[in-house]
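Each chain carries a letter (A, B, C and D) given by its place in the written order, and its residues are counted from 1.
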Amino acid sequence: MDSAEPILSLKGIGKSFYGNRVLADVSFDVGAGEIIGLVGENGAGKSTLMKILFGMPVISETGGFEGSIFFNGKEARFKTPFDALDAGIGMVHQEFSLIPGFTTTENILLNRESLNSSVLVDIFGPRISTLDRATMESRAKSAIDKLGVTLDPNMLIKEMPVGHKQFTEIARELCRENVKLIVLDEPTAVLTESEAEVLLSTLRLLASEGIAIIFISHRLREVVELCDRVVVLRDGHKIEDFPAKGSSTKQIASLMVGRSMEAQAKIDAASAARSTQSESDARETILSIENLWVDMPGETVRNVNLSVKKGEIFGIGGLAGQGKLGIPNGIMGLSPAGGSVILNGTPVPLNAPRAALERNMAFVSEDRRGVGLLLDEGIDWNIAFTAMQVQNKFLKPILGGLFLWRSDAAMSNLAEEYIKLLEIKCTGPGQRAGNLSGGNQQKVCLAKAFALRPDVLFVSEPTRGIDIGAKHLVLDTLKKYNSEYGTTIVMVSSELEELRSVCDRIAIVYEGRIEGILPHTAPIEDFGILMAGADRDEAPVALVGGN
Amino acid sequence: MDSMKRFVADFGLPRIIITLYLFALFFAAPFVGVNLPASISDTMIRIGMNGIMVLALVPMIQSGCGLNFGLSLGVIAGLLGATISIEMGYVGAWGFVAAILISQAFGAVFGYGYGKLLNRVKGGEMMIATYVGFSSVMIMSIAWLILPFKDPTMIWGYGGTGLRTTISVEGFWRHILDDFLVIQIGENFKFPTGAILVFAAMSFLIWVFFHLKIGTAITAVGSNPTYARASGINIDRMRFVSVMMSTMLGALGIIVFQQSFGFIQLYEGPLYMAFPAVAAILIGGAGVNKATLTNVFIGAALYQGILTMTPSIFNAVLKVDMSDVIRIIVSNGMILYALTRKTKVAK
Amino acid sequence: MTSRSLFQRSCVLLGFIALSIYLFYIGKGHSLLIDTNAVTIDGKELRSPETIEVSIDGKPAESMGRAERILVLVGGPKHSITIEVISGDDRKVEKQFTIPTFMDSAIVSVPAILGDAPSESWITTFTAPPVEEAPAEQMQHEQDTPEATAPVSPDATGGQPKP
Amino acid sequence: MSSRLRNFFIDNAVVILFVVLIAIAIPVSGLPGTFLMQEILTRLGRNTFLVIALLLPIMAGMGLNFGMVLGAMAGQLGLIFITDWNIVGIPGLLLAMIISLPISVFLGWLCGSIMNLAKGREMVTGFILAFFMNGLYMMVVLYAMGSLIPIMNPELLLSRGYGIRNVVGLDGVRQSLDTLIPLKIAGLNIPVFSFLIIAAVSYFIIWFRKTKIGQDMRAAGQDRAVSGAAGIPVEQTRILAIIISTVLAGIGQIIFLQNLGTINTTSSHEQIGMFSIAALLIGGASVTKASIPNVIVGVILFHLLFLVSPMAGKNLIGSGMLGEYFRQFVSYGVIALALVLYEWKRVTQENDSRATLRGGGAPAAKEAKGGAA
C-alpha cells in the first residue's frame, strides 16, 4: 500500500537512559492505511520508541531523545500523551485501561463526554454541565460500527468477555476526531484464538478506511498474516524493514534474536569450549517436573514437563509473558501452582515456600526490590536471613536451646565474606540494601541464595537492569559456583545470548508450555523458531532432551 | 548546610519542633517560677506509668500491622485482670501479681481473636483496629454493668447496677511499683524506681525478643512481607504473634498505669488509650512500619515531658491552661504527619 | 478563565456579600420592651390606660396594666403593634414602626403611641443597668459536670476528648 | 428465584439485622408508637442532611469521610457568629450558612489535599485529621474568640472574659426551619421545610452525579490510574469531592443544631461524623457504594435503635446506661463491620482475579467465598 505522503515518519530516533543506550538511529515511515508490525525481543526498544512517540514525561525527564518525528507532514514533539492524542494518535495498551463499573459508552467517551450546555458553566466551569447521554450513545455506536463488531453500548465492562474489552479500547481510540494512527501494544495477548481472528479482521477494516496502524506483537503468525510491512528492532537498532507478504515467522524470529556475526562467533567459541565437559557424562536426573501449572499474573504456566540433570546449568528462555518466569516462582511456592515436582526422587510440596527451601532449593527472584531484598535492612540481614530462618544458621541456642539468639557477629562475618567474594561495593555489612546500586543488589541476592548452600539454585533474570561489568561478574560467579560446588542451576532469562553462554541445555517456553529443549550449541535460528511458537505447519524442529 | 537538610529530612520537621519546644519549656521553667525538680519528677513518674503502653506498639509496627489503635483490647484485658484480682480479695504485691496474671490470660484470648481478624484484612488494619477497639470498649461497658462483681469497693453503693466508673486501688496495690525502692530527694523530687525498673525490664525483654530467630522473622515481615514469604516465613503467623504480644503488653501496661494513677477507669475509660501511646512512639521517631526501642524511650520522654511542662509553664506565664488543646494538636498532628509521610514504604 | 466568567463569578461573589448584608439587616434580632410607664413628650405627660392588650406582629395578645414592661423578641427592622384598650374608651390602634438596626434593646412606649406623639418618640434605646455577674451559675456552664467519684485525670490516659 | 432471594438477603444483611433487632427492642422498650413516630420525623429532619454529606466522597472512592467533622466545625462557627450578632430566624440561619461556606471550603480543600498525600488510607487520615482540627477549633473558640476575634455579646463568653461558653443557646433561630411551614397530621408535627431542604439536596446529589464532574468522580473512584491517563484531573476531582462534602456537612450541622436549639461548643461536632457514618452504614451502604435510599433507611433505623435501646435496657436489667452503651456499641460496631467486610472483599477479589488466569490442566480455582455477614 503505497501512499505519497507518510502519516508518521520517524527519523533517526535514539535514546539513552543514564548513559545506557536503548535506541539508536531508528527510522521508518507509516503510510495512511498501512499496517506496520513492530517486533522485537523484550528490551529491544519497542516500548521506549512508543514512549517517545507519545511524549511520555519519563522521556523528557531523562534528557529527551535524538532524531525527529514527523506526523501528518509536520514535525511533532509531543510534550504529554494528551498532545499526541489530540494530534490524532491513539494507543491501545496491553493492560486494559478501562473503568470496570462503567458502561461501554462511558468508557469509549471517558473524559470526552458530550455535554449539555448550562448557564452554570460560566460560574463553575465546563465540568458542571450534565452529560448528554443520547449523543454519547450515538457517538459510541458510530465508533463501534467502524469496528464492524457488535457491542452493547450499555453493558458494564466488568460483565464483558475479554475480547469485548479489547474492542472497547479500540473503539475509544477510534472515537476521537481525526484519529489517523493507532498503536496497539500486544492486543491479542489476552484474547482467545477466535477473538484474535475477529480483531485482526477489524484492524484490516480500519486500515482500509485509511487509518494507519502500528501493531506490536509477539505472535509472529498474526504479524505475518495482518501486516503490510514488518519492522524488526533488536538491541535498539532497526534491523530490518520488509514487506510481510512472503516472509515467514521463522525469518522474523531469527531476525529478532540473531546476533551480529562477531558476537555469535564469540558465543559459539565459548559454548564449544564448555560442551566437552557437560554433555559427555550422562548424569542422573535431580529435578523432574511434570504437568506443572503456575498461576502467576502475566506469566502463566499451563503444562510444563522438564527434567534437569544433576550438576548442569539448565536455561529457560522465551519471550515475555509466555510463562518462563512462572516456572521457578511456582516451584518455589511463591505463586499458586499444581502438578508434580520431584527432587532427588521425592516430591516437593507446592505452594509452600518453606518446604521448597527446606529441600535445599534456592531462588534468586527476578523482582529484586519486591521479593529479593529487605530494602530497609543491612546487607548482613539480607544475606543471612533466609539461611537463618530455614537452616538455623547464625543462631546461638541460649537457656539450653530454649531460645535461638541471633548472632549479629556471625551474620556480619558472612556478609563480609560475600562482599569480598562478589566484590559488592558498599560501606560495610550494615549498609541498607536500598542504597546499593542495581548490580550490587543483585550480588546480595545471589549471596543470599549461596548462603543456603542449595542443591538446586533457580536464578531468574540475573542480569536484568544491571551494568555490563556487573553482568559478567554475576554470570561468572554462577558458573564458578556451579563448577566448584556442583550445584545444579536453573537459570531463567530473556537474554538468549546470556543463556547460550552459560547454560548446557536451554528450554524455550511458549504459551505456558515447553516448546522445545535445545543444547546451547544449537543454531540461533532454531531458538528463534521455538520462541515464536514453532509454526505447526512448518517442519518441526528436532528436539533434544525433553523428558 | 546539606547535612543540616538531611538531618531535617531524616528526623522530620515536626519532631524537631517538638524537641525544641520541650527544651524551651525546660529552659523557661526556672525563670517563671516553675519548680523544675517537681516537673522532672512528674515526667519520670509518667514515663514509668505509660512506658509499657508505648512499648506495646512495637511488635505490631515491626510486623507491618501498623499503629495499633486497637490497643484498647489489651487495656480491657488489663481492666479485667485488675477487677478480678480485687474481687478475689488479693491485696498488695499478691494482688498486683494476680492482676497481671489474669490480665495476661485475657490478653491472650483477646489477642487471639484480634490477630485472626487482622490477618484477614491486611492493608486496612489501622482503621479496623480503631473501630474494633471502640466497639469492644462498648461491649465491655455493658459487661461492667452486668458482670456479677460483689466487692463493695467496686460496685455502686446504692441503687446503681454494676461496677463504678472509677475504682480506687488504694488499699490494694496503689503505688506498689512507684514506691518500690523509691528515691526521694528533697521534698519535690521522687524517682519511681520500681515502675522505671519494670519498664526497663520489659524493654529488655522486647530487645531480647527481637534478637531471637522469631523476632528477626517478624522484623523481616514488616520490612518486606514478600521477601519474608520467599524466605519461607509464615507471614500470618508472625503477624499473629505480634498482635498477641501487643495486646498482652497493653494489658500489663494498663495495670502498671493503674498502680501509679491509683484508679481503675472502667466503661469508656479505655476508649482513647491507644492514641497518646501512638503519638508518643511517633514523636520518638518511629514510622508506620518501623520502630525501635530508642523510639520508645525518646518518644515517651518527649511526649510525657510536654504533657507535664506545658500546663505549668503556660499557667505561670499566660495564666491560661492551654495544655489540653496543645496536647490534642501535638499528638494528632504527629499521627497525621506519620500517615501522610510514610507512603513510600507502603507494601 | 474568560473575562465573561470572571465577571459572572465576581457578580456571584458580590451577590453573596449583598445577600449577607441584607440578611443581617432583615434578621437582626431586637429585644422590645413594651412599656406602659407614663412619658412626657413636648411637655405633655402621656399616660397609659388602665388595661390594654398588646400584640406585636399579630402574635397572641398580652394584657398589660399601668407602669408595666413586657419583653418581646423580634427579628428585623419593621414591625407592627396592635394596642387594644380594654378599659375606658374601647379602641384599637394599629401602628407600624421601624427599629434602627444596631439598637439591640428598645423600649416601645405605649402611651406615646396611643397619645399620637411623633413616631420618633415611640422607640428609645434601652441600656441595661450593670448587673453583678453570678459567678456560681457561670461555673456550672464552664465545666461539664464531672462524675462525683472521678478523680481529675492526670491526662496521661485520655488522649482524646471524650465523645 | 431462590438464589435471587438469597442474594437479596446477603446484600441487605445489615439492614435486615437491624430491622429484626429493632422489632424486638420496640416492644421491650414499651415506648408508645406516636412518640416514636414523632421522634423519627424530627430526627429525619435533623440528621438526614448530614448523612447526605457523606455520599460524594464515597462515590469518589475516598471511603467514609471521617473528615466531615471539619464542616461541622465551620457550621458551628457560623452559628456562634450569628448568635453573637443576634441575627434571628431564617435570615440568621442563612447568614450562618454563608459564613460557614468559605470556612468549609478552606477546610475541605485542606482535608482533600492531605488525603491526596495519603492515598489508600484516606479514612484513617480523615479520622485523625478531625481530631487534629478539633484542637485548632478549640484554640479558636476557647482562646481566640473574645480576645483576637471580637465577640460583642458578653453572655456568650466565659467569665474569664474570653472563650465561648460550653453551651450556646440558639434561641433566635431555634427550629425556625422546622416550623416555617407548620403541618400537623394525626397529632404529629412534621418539619415540612426541613424535608423540602433534604429533598432539594437529594436532588442536587442526583443531578451532580449526572454532571461531567460527577462522572469524573465516579471514574476516579473506580480507577485512579485509568482516569488520570484519560486526562481527568484526579487529585483535583478528589479534593472537590471532599470540599462539597465539607460544605454540606457545615450546612447540615446548622440544620441539626437549629433543631436542637443549643450548641455544645466543644463537643457538638465531635460525634456527628461517627453517628452519620454509622447511620449510613446501617442503611445498607458500604465503603464503596451508597445511595439516597441508604441514607433515609439508615437514619430511620439508627435513630429508632437510638431511641428504644436505653428504655429497652432499663426494662431488661434496670439500667438505662446499658442501652446507652449498646447504642454506642452499635455505632462503632457497624463501622467496624463495614470496614472488615470491605477489606475482606478487597482481599478475596484480588485472589479471585488472580485465579481467573489459571490455565488448562489446572484444577478449578478454589471457590473463594466473599464475606457475607
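Assume contacts are C-beta pairs under 8 Å (C-beta built on N, C-alpha and C of every residue); 3 or more make two chains touch, one makes a residue touch a chain.
Since we're looking at a predicted model, the values are computed, not measured.
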{"item": "Most central chain, Cα average position", "value": "D"}
{"item": "Chain located farthest away, centre of chain D as origin (C-alpha)", "value": "A"}
{"item": "Gap in Å, rounded to a whole number, between the CA centres of chain D and chain C", "value": "35"}
{"item": "For chain A paired with chain D, centre-to-centre distance based on mean C-alpha positions, whole Å", "value": "47"}
{"item": "Whole-Å separation of chain centres (CA-atom averages), chain B against chain C", "value": "54"}
{"item": "Multi-partner residues of chain A (at least 2 other chains)", "value": "none"}
{"item": "Junction residues of chain B - those touching two or more other chains", "value": "275, 324, 328"}
{"item": "Overlap residues in chain D, where contacts from two or more other chains coincide", "value": "131, 134, 328"}
{"item": "Of chain D, residues touching chain B in the complex", "value": "114, 117-121, 123-125, 127-129, 131-132, 134-136, 138-139, 142-143, 317-319, 321-322, 325-326, 328-329, 332-333, 335-336, 339-340, 342-344, 346-347"}
{"item": "Chain A-touching residues of chain C, taken from the complex the two chains share", "value": "2, 4-5, 8-9, 12"}
{"item": "Contacting residues of chain D [partner chain A, same complex]", "value": "207, 210-213, 215-216, 218-219, 222-223, 225-227, 229-232, 354-355, 357-363"}
{"item": "Contacting residues of chain A [partner chain D, same complex]", "value": "81-82, 85, 97-102, 106, 110-111, 113, 115, 126-131, 291, 293, 295-297, 300-303, 336, 338-339, 512"}
{"item": "Residue numbers on chain B that touch chain D, as the complex places them", "value": "117, 120-124, 126-128, 130-132, 134-135, 137-139, 141-142, 145-146, 160-162, 267, 275, 320, 322, 324-326, 328-329, 332-333, 335-336, 339-341, 343, 346"}
